[in-house]
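Think of it as A, B, C, D, E and F in the order they're written, each chain with its own count starting at 1.
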Amino acid sequence: MNSTDRYQHGLDKLMEYTLTENKEISTHLKISDDLKDIAPDVAKFIIEFGYGDIYSRSGLTNKQRAQITIASLVTQGTEPQLELHINTGLTAGLTPVEIVESFIQLIPYTGFPRILNALAVAKRVFAQRGVSAVSAAKEQ
Amino acid sequence: MNSTDRYQHGLDKLMEYTLTENKEISTHLKISDDLKDIAPDVAKFIIEFGYGDIYSRSGLTNKQRAQITIASLVTQGTEPQLELHINTGLTAGLTPVEIVESFIQLIPYTGFPRILNALAVAKRVFAQRGVSAVSAAKEQ
Amino acid sequence: MNSTDRYQHGLDKLMEYTLTENKEISTHLKISDDLKDIAPDVAKFIIEFGYGDIYSRSGLTNKQRAQITIASLVTQGTEPQLELHINTGLTAGLTPVEIVESFIQLIPYTGFPRILNALAVAKRVFAQRGVSAVSAAKEQ
Amino acid sequence: MNSTDRYQHGLDKLMEYTLTENKEISTHLKISDDLKDIAPDVAKFIIEFGYGDIYSRSGLTNKQRAQITIASLVTQGTEPQLELHINTGLTAGLTPVEIVESFIQLIPYTGFPRILNALAVAKRVFAQRGVSAVSAAKEQ
Amino acid sequence: MNSTDRYQHGLDKLMEYTLTENKEISTHLKISDDLKDIAPDVAKFIIEFGYGDIYSRSGLTNKQRAQITIASLVTQGTEPQLELHINTGLTAGLTPVEIVESFIQLIPYTGFPRILNALAVAKRVFAQRGVSAVSAAKEQ
Amino acid sequence: MNSTDRYQHGLDKLMEYTLTENKEISTHLKISDDLKDIAPDVAKFIIEFGYGDIYSRSGLTNKQRAQITIASLVTQGTEPQLELHINTGLTAGLTPVEIVESFIQLIPYTGFPRILNALAVAKRVFAQRGVSAVSAAKEQ
């Protein structure tokens, strides 16, 4: 596959995780826009390598890839990216309950601080997307 | 639920992730055994809180909980626990391909070093359990 | 001990670290309040497991437990929790000097950046509680 | 070397990384100022040990020391210090391109999140110093 | 204070944490010995800055400094240094129970993996020093 | 650039960091060999993305890229990869003194434990390559 194909392949895959009417596509576009004056190649690598080479692999569903990514970002405590990937996770089909339960599952492995900070981010994203956070709590 | 119930509940849940004929149950028993002279309550907390309170929740499948746990442990680089949870993940129904692909999915979020170290652990576990690692590679 | 007892036990212990007239109890109440729409069980786990099972153990004083907790949070750089536990530490009897010296003790083990960030948090908390930060510096 | 000499030696070295007409010297002065009411000895240790004992060693150029420091801070994600050391790095002679390329070099070792956050910090510093970020991108 | 004084001051303080008949002094001597062909100044910095400037401060007892250090090392998972500082902690007056309880106190803040690995290190050190690990467990 | 070109480009760049008569090329070959039964695509990504896309960029010398990489790996404490990159760093032109001084430069930013562990790795690599560690110490 040549470079143009990888980029297009990555962009197609990225679209599966995003929708024009929702926030996260604009977030991804905003990332590209923020990078264009300082490091445009990093935006290209995210599309080509991240979405073209990695996310495009078979073997896992989009939902699984989003959930694994969220688990890593909660563990690292990198909140701007966690916010983005809670958004892409919801678009990929994770329910708010699955996202909240993913955080709770990590308490024995990271302790409470990382999870409290992740829940604060999720609460903000759920509110922005008009997802009922109460229903997430109810199903628990 | 009283403390005895939580412990039993946790133990029942732990059994779903382990099988007497396989390695990981002996690993969990070995953890309890190692702890009994120094910190037996920690073994109790793992069963009661970890498996009784957290793993027993609804909202995610055992497979999802195992996969999230593995993602966090790869990110942290805590290898003895990663070895254990690759084992419990396989028992919970994750395929070797799903485990290997979970690692690969994390490359853009943790970089290569954590993933190379995780793959070395997985290779050892797959060999111990007689899981064909070649088939994992083939499906990719 | 049944679940209600563990919760009550945890709440009693939490009260030892907090006082209604001070900020940190409202912080803990704020945590519970923030969680009630998204993950109320996490607030319950903090009380039951954190304060009921762990903080309630014998073998260390409240002051020691607060100081150990602060050392871990400085090392991790999780600032919202560090702010909370500087507050609970002060209520548990740690002096501002002991808190500042705890940070300084960690310089050889974490480097300066974590300590500078922790000192900025402590300075804010000391000001909020009307604790004289100057006296802390003097005693050094 | 006595303590006064080490402090003076450290201060001289620090001056090589800073210029009165630029922002970073005021940042270092601001650090000292912020610390003087809570932990003035930490400011002294940064000058004496950091700049007097470590930065003053032979074997590496100032530029190399700045670049190594930046690589560690990007990896740790401690942003206030990264901001300071992008400033001192520029004064020590690193070009904006060298700083941006240092971040990009770390993608395979830390993943994208740390690098995106570091680029956002760099973009802010470059703007504050009136360094053309476009030229940095062009040279890539 | 001149450099010779700081070194001697640091060495005196280090002696308070170690005893010739026990393992940890030889460990510290071994560190100096290991470093002498590759980076002898690092051994000097540990004595001068670590023990001379930091450990020699007033405001905390030796026991408190050892306990804080252990909490940070458990959190970081740097096991060779944890082994050393469990040894110096015991010499500084921490009981095995206080060390084990310090680990348990951190479970809510770091999760179980770091604590299990720390307990394995402590068990090894307790055995080497002929400290009864059973009594540690009993007092819990 | 198509995929075959990126791979070849990456392989050419990797060769600049390695020499058949030395250890590190066999280490890189060993990584590929270890991965071929479990995750051969990861070896491909290291060559294509790591060496083809990142290391092949202009703007920094090979020596700078090696030194930045080492600084990140010391900070993370991922020792197998640190061992490899001390090797590639030496081949890329870093002197043993520059490597040891890079570690020492990081003491104020990571604390001593990471540096002591890194020095132990470097000492082993220097011995394997027959590099005189004494001369490294002398220049300091």
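The rule is simple: a contact is a pair of C-beta atoms (placed from the backbone, for glycine too) under 8 Å apart; a residue touches a chain by one contact, two chains touch by 3 or more.
Here the structure is a predicted model, which means the values were calculated and not measured.
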| item | value |
| --- | --- |
| Farthest-lying chain, centroid of Cα atoms versus that of chain B | D |
| Chain pair equivalent in interface to C-D, over half of contacts matched, among A-E, A-D or B-D | A-D |
| Interface numbering overlap (same over half, different under half) for chain B and chain D | same |
| Whole-Å separation of chain centres (CA-atom averages), chain B against chain C | 31 |
| Chain centre separation in whole Å, for chain F relative to chain C (CA means) | 41 |
| Multi-partner residues of chain A (each touching 2 or more other chains) | 41, 45-46, 49-50, 57, 73, 76-77, 81, 100, 104, 106-110, 112-113, 140 |
| Touch-based graph of the chains, sorted into line, ring, star, complete or other | complete |
| Chain C partner contacts - residues on chain B that touch it in the complex | 1-3, 6, 41, 45, 49, 53, 57 |
| Residues of chain D touching chain A in the complex | 77, 100, 103-104, 107, 112-117, 119-120, 122-123, 126, 133-134, 136-137, 140 |
| Residue numbers on chain A that touch chain D, as the complex places them | 31, 34-42, 45-46, 50, 73, 76-78, 80-81 |
| Contacting residues of chain D [partner chain B, same complex] | 106-113 |
| List of chain E residues in touch with chain C within their complex | 46, 49-50, 54-55, 57-60, 64-65, 67-69, 71-76, 81, 97-98, 100-102, 104-110, 139-140 |
